[in-house]
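Below: the structure, in structure tokens.
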Amino acid sequence: MTKTGDIRQSRTNLDIRNGQVNLSHGSGGRAMAQLIASIFVKHLDNELLRQGNDQALFNVEAGRMVMSTDSHVITPLFFPGGDIGSLAIHGTVNDVVMSGAKPLYLSAGFILEEGYPLAELEKIVISMAAAAKQAGTAVITGDTKVVERGKGDGVFINTCGIGVVPAGVNISGNRAQAGDAIILSGSIGDHGVAIMSSRENLQFATTIISDSASLHNLVADMLDVTKDIHCLRDPTRGGLATSLNELAAQSAVGMVIEEQKIPIKSAVRAACEILGLDPLYVANEGKLVCICPAEHAASILTTMQQNPLGKNAAIIGKVISDDNHFVQMNTAFGGQRIVDWLAGEQLPRIC
Amino acid sequence: MTKTGDIRQSRTNLDIRNGQVNLSHGSGGRAMAQLIASIFVKHLDNELLRQGNDQALFNVEAGRMVMSTDSHVITPLFFPGGDIGSLAIHGTVNDVVMSGAKPLYLSAGFILEEGYPLAELEKIVISMAAAAKQAGTAVITGDTKVVERGKGDGVFINTCGIGVVPAGVNISGNRAQAGDAIILSGSIGDHGVAIMSSRENLQFATTIISDSASLHNLVADMLDVTKDIHCLRDPTRGGLATSLNELAAQSAVGMVIEEQKIPIKSAVRAACEILGLDPLYVANEGKLVCICPAEHAASILTTMQQNPLGKNAAIIGKVISDDNHFVQMNTAFGGQRIVDWLAGEQLPRIC
Amino acid sequence: MKYIDEFREHSLAQQLANAIKQEADNNRTYRLMEFCGGHTHAIFRYGIQDLLPDNVEFIHGPGCPVCVLPMGRIDNAIELVEQHDVILCIYADLLRVPASLGKSLLKAKASGGDIRMIYSTQDALKIARDNPNREVVFFAIGFETTTPPTAVAIKQASEQGLKNFSIFCNHVLTPSAMQAILDAPEPVSIDGFLGPSHVSTIIGSQAYEIFAQHYLKPIVIAGFEPLDVMQSSLMLIRQLNTSRHQVENEYTRAVTRTGNVKAQSLMNEVFCLRDEFEWRGLGLIPKSALKLRANYAQFDAELRFQLPAIKASDVKGCECPAILRGAKRPVDCKLLGTVCTPENPMGSCMVSSEGACAAYWSYGRLRGARTNKLSA
Amino acid sequence: MKYIDEFREHSLAQQLANAIKQEADNNRTYRLMEFCGGHTHAIFRYGIQDLLPDNVEFIHGPGCPVCVLPMGRIDNAIELVEQHDVILCIYADLLRVPASLGKSLLKAKASGGDIRMIYSTQDALKIARDNPNREVVFFAIGFETTTPPTAVAIKQASEQGLKNFSIFCNHVLTPSAMQAILDAPEPVSIDGFLGPSHVSTIIGSQAYEIFAQHYLKPIVIAGFEPLDVMQSSLMLIRQLNTSRHQVENEYTRAVTRTGNVKAQSLMNEVFCLRDEFEWRGLGLIPKSALKLRANYAQFDAELRFQLPAIKASDVKGCECPAILRGAKRPVDCKLLGTVCTPENPMGSCMVSSEGACAAYWSYGRLRGARTNKLSA
Amino acid sequence: MCLAIPAKIIALDTSNDRATVTVDNVQVEVSLALVDDVVIGDYVLVHVGYALNKIDQDEALKTIALFAEAGLSWAS
Amino acid sequence: MCLAIPAKIIALDTSNDRATVTVDNVQVEVSLALVDDVVIGDYVLVHVGYALNKIDQDEALKTIALFAEAGLSWAS
């Protein structure tokens, strides 16, 4: 993607309005260079990307870095509250940020299906650029591949991100300890329900929009309260239930959560009832789970609630010692149950 | 990919021998955790990957770093001389190395098509692991997505790499200067011809194998001779012609190359004649172009020739000043012509 | 959510729990079979058992259509996809049900089978209209609740002259299952039934009167919300305490004595009784399932594709049959949680979220661990 | 590569260049039309012009089947894909040829058209056999060289009873094109012809004797390797210097006077002459193209799909027609290199690597820049 | 047995015998092929895209009262 | 006009009227439907997967001699 090339020699413009991706846009030749220059470099523009090499070069200071990657394969590509472009930024920024790191730079790898409209691609890239800017980072290197029709699905975007971990921060999934508090940053299931509502084969309509967002500021605010945060995780695919089970397993602990404390929008609950889904397993893209020593929980919570992305944050439970590493839940109804890993996939049920 | 999860609770094993990727392997739940643990983490195993977080954490020293990404979408996935796994490592390592950097770490993002055999996937991952090890680097973080049949093509792999640039090294595509020598590290077109020969619809057979290889040692050897190398580029998609045109455009110079000096295997020439292709545009995956001050050319060349990956290296031409930024070639026949950018794609021709 | 949230009210749950504790006789046990998977699901999901005294015990019944489907029928469906290259439309619940040889529709799909998950029979009709050159088969499954929507689709297909559409019919009847349980050679000890909820919406509560009269078992038609389950349990306890055996209706907001006559006549128009049908766990039960009537027989995939009757053996060690009869509990199965888990189910009871094993494993295991019944 | 490398030998090139320099009369020009795109390609790719004196000038001829195809025929092919949903099998050379409204087969493919690139007519037959429920059309294009392989495929399709296979026939005849150039109202000044190479392999050199006799133009059948082109040029210069006008054969290793009789009779069995056919640049030429004979008419896609005759206008400003007649050179086109480039071709001459514009742009531009004919 | 949920009719499409229903502002299209005489404002029980029947709102209130009564009976 | 390349026959499949040919060890399958009487060792001109005709090896040598002669004629 960094090969802007000498398209000066060709004075014709890419017909973004009517054009479609075709095989020559992935050939490595001038058609690809033109696509890259007219859409990718144009909108993602920054000094490092403009170096125009196969890699981007930058200075770093001594310290601890993190690296994380996600590929994004969402259907539909545009959904209420976002699109694959912004999602590809948020998804990787959040994984970087869940270490407590400040995001530094991103790479982007596009796999385009022959026939995809260039105008739509441009919208996606504009959205990426805005999301990257908002997250205080930039796409500094990239790659473009084109696959034949029927061998892709419009647009896939891989992003990889690096970030710098501030001194004194030591966040990892294996650090939860019995007695720690579990804080959730906001309502669950918004992203998954927004996506499902925009799939043509499920005829239901909601006003729910995806929560897709970069959590860098929220995490920075939390670390301003104390560096003594044990775990952070963004409950994406598999939902809150999966993230809690991951953390319980990694830290070899159990957890008890309170169903009544878990923020959830009524429309999300309703959509889940209609489809036979459990909102605990429905995906989020702008939420985090924080596990911290109980003594910091209240002050972290207060700070989170002052950030727009954490305004519905709640302490939803606590870490216990349990050789089974169960995540158990006190139901709103007054009983108790396990919250297990997701089995299979979340599909609408009839029974 | 880093979510190994607590698969201990499920005592059944993934049926790698007979199994196929299905939608539950991309769900974020335990089936995915099991796939990741049984194939990805098992074979790519290293301490950072084992951190099991959504990101990998490592220490860096102050200095200059590079970042580069490539998605790999090759057909067929296994080809003479390699497979998508090794290629995904070589491709990104080489882009990192073309800055003169020492490769540090890699990420890997897999997009798997429903139905892909797990046994083949494991072969690919084993091949990746070997290639990463051989390149002195490691895959430290990753991601797995599953797409429905007909929305992917078996396996796509994105890799992103970071590397550290040694002090005093300053390599960039815009540094070619009139008078510089152009060195090519070996024969052209091997990868492209090997791939074409293994596509079922083109019924030709050769003994040519892909040149897919990591060039980290070769570049290190070259930098041992002198740090005063101006440009490095690996002529992949679009071939040698495209890389030279890119460098000419970036550096705002012209080039003259000698057709007779360009190493090419007779079978590659023959296959290109049969298919109506120009080998200058055929892809390589283990070659580099080096542009350096003429006074260093001979000693760099000698050193390259002592490395197995550079044993057929040759000085193929020189940089000139030319406002047109043409790459021109003195033909073996005695004439002259332009070597233009690739137009369209390299497809077998009848006329 | 109106008419939902009121029936999940925590404070009322506590009151009902106390009433049950109060009224349940400490000197006896109350073995109540919740007929439906919907009840099973509610019991585990809301932790109802935690609210009841130990002598009130739920016995999980066969009322999960996915669970009682014999494995051979999934084998048939896979044959439709693999041998006859049809587009198979299924409710997603079926995707992971084990078939013979470790297969499933999920794996058949991964292997290239054209299997589409639908939400409604209307979707299946649309797929048939959109693919006129393909055979489209709807895997019809369900009790009387789910049968009328299939009947509507068949009538529409007939009116629209849809030649490429057919159904693989697996609709079964709940009264037959209840009778089979009560008539079993070694019947399970059951004191009373929480009767079907949405099935009764269609067929009415009177369908169960014969059981109350003939077998002298109290039956309370019970809604699926947790307060419904608790209230119905209380009503059963009261009948048992007073030696009554009536059909009572707790779910009056959705169930009448006569049910939905329109839906019944639609079913009756399109379907007729099979002579017999195999139920997992209950074996061959006469007149327990439906097939298409002769005048709709052209929509019968079993005839169109000449599907064989497949006698598939369940996985060795899987206790689904006994569990579905109420004769065993999930914890009695040695495979539970070791070989058999939701991601690798050995039996259908582990697949459907209404299956007793899945409900136990996903929600109820905590109780097991706590009481050392199971060390995970 | 035996029988290739010997004909690209650098040292011999130098000798031949010196011979030409020696023998060419400084007081006149030699305007030699290389008939074939293969010659054009060789001239640019090897830089032959650099080796010849300035008064020996190549005029690029119409001998590129892709270049002379009128735009309306590509429109027809797109119609086959978009309206009739056929699998269209093409030689990859056709993929980027501009159609009306900025379309091309590349773009039609991107829009979802099922267009398959094949290497041989045998591949098209296989695709037809593998897709019995789809109509498969082979876009047959080419001069006499490429026609016999199409004839073989038609015979096989007939023998195999392949009902879903047909061809969209665009095979044209080189002698007709040569005649059209010579008969043009304002004929281009041409001193002699480098005659077709592989066409002559099939039809033999005698096909051109009438032109030498009637129009008094020397013709040398010339191979496609660069030494062939130089030697043939020398032979033409010698004929011109001695005022001869014969058909000479430089390409004796592959061309005889009578050609490949077996291939000719196959062509004759399957094809017959069209009354007339449109050539880009040359207009309607009578008896210049082939169609399927009546007994193979069932394989004619034009009949099967009732394709209309489309009269498409070339892009305004594109000089392809004049260039194909030899009346203009690529540098005479104002669009060259600005609007029209290989990645965005306006005319067919910029698409085929044998097209004069593409050859000039991709290989020959250097010479233009050097002589300031073009500032890029 | 089968998942069904009470939903309120907010629009009728009588020509197609279909309705739009809502559950807490989530809208779904359902078939009315199995029910007669529904009007806007009615609650219906929705299963696999079909309204199975009307919810009897009076009976719902009575049942809720019963729960309270059970509690009271004990409290008393 | 059309791309064709001399290749050597190394194997015949007479039942299918096909042959395997090589160019510098690159093997291709071709149809022999357009040529008669070819034997292993013959060079044929290959175009779109068909052998168009045999290369006359004597004539090839003569032509090469002609090139040299042209040079000589000048050198002389």
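Chains here go by letter, A, B, C, D, E and F, matching the order in which they are written, and residues are numbered from 1 within each.
We take it that a residue touches a chain if its C-beta (ideal position, glycine included) is under 8 Å from a C-beta of that chain, and two chains touch if they have at least 3 such contacts.
Source: prediction; values computed, not measured.
Novice: If you walk touching chains, what's the least steps from subunit A to subunit C?
Specialist: 1
Novice: For subunit B and subunit E, what is the smallest step count along a path of chains that touch one another?
Specialist: Counted as steps through touching chains, the separation is 2.
Novice: Taking each chain's centre as the mean of its CA atoms, which one is most distant from subunit A?
Specialist: F
Novice: If I list every residue number at the interface of subunit A and subunit B, are over half of them used by both copies, so same, or under half, so different?
Specialist: Both copies touch with mostly the same residues.
Novice: If you tally the C-beta contacts, which comes out ahead, A-E or B-D?
Specialist: The comparison resolves to B-D.
Novice: Averaging over Cα atoms per chain, report the distance between subunit A and subunit D in Å.
Specialist: Each chain reduced to its C-alpha mean, subunit A and subunit D end up 55 Å apart.
Novice: Could you please state the distance in Å, as a whole number, between where the Cα atoms of subunit E are centred and where those of subunit F are centred?
Specialist: Each chain's C-alpha centroid was found; their separation is 82 Å.
Novice: Measuring centre to centre with CA averages, how many angstrom lie between subunit D and subunit F?
Specialist: Distance between chain centres: 21 Å.
Novice: Can you list every residue of subunit B that touches 2 or more other chains, as numbers and ranges?
Specialist: Each of 9, 23-24, 29-31, 203, 266, 269-270, 273, 276, 341, 343-344, 349-351 in subunit B touches at least two other chains.
Novice: Considering subunit D alone, which of its residues make contact with at least two other chains?
Specialist: Counting only residues that touch two or more other chains, subunit D contributes 1, 4, 14, 37-38, 64-65, 91, 96, 106, 119, 123, 142, 146, 341-343, 354, 376.
Novice: Which residues belonging to subunit F are in contact with no fewer than two other chains?
Specialist: Touching at least two other chains: 1-3, 5, 23-24, 47-49.
Novice: What chain pairs are in touch here?
Specialist: A-B, A-C, A-D, A-E, B-C, B-D, B-F, C-E, D-F
Novice: For the complex, which residues does subunit C have touching subunit B?
Specialist: 96, 102, 106-107, 109-112, 337-339, 341-344, 376
Novice: Which of the residues in subunit E come into contact with subunit C in the complex?
Specialist: Against subunit C, subunit E makes touches at 1-6, 8, 23-24, 31, 33-36, 43, 45, 47-50, 52-53, 55-57, 59-60, 62-64, 66-68, 70-75.
Novice: In the complex, go through subunit A and note every residue touching subunit B.
Specialist: Going through subunit A, the ones touching subunit B are 3, 5-6, 8-9, 23-24, 26-33, 51-73, 95-96, 98-99, 101, 105, 107-111, 140-143, 145, 147, 150-153, 156, 158, 160, 162-163, 165, 172-174, 233-234, 236-239, 242, 245-246, 248-250, 281, 283, 325, 341-346.
Novice: Contact residues on subunit F for subunit B in the complex?
Specialist: 1-3, 5, 7, 23-29, 46-49
Novice: Per the contact definition, I'd like the list of subunit A residues that touch subunit C in the complex.
Specialist: Residues 201-203, 260, 266, 269-270, 273, 275-276, 324, 326, 328, 331-338, 340-341, 343-344, 347-351 of subunit A touch subunit C in their complex.
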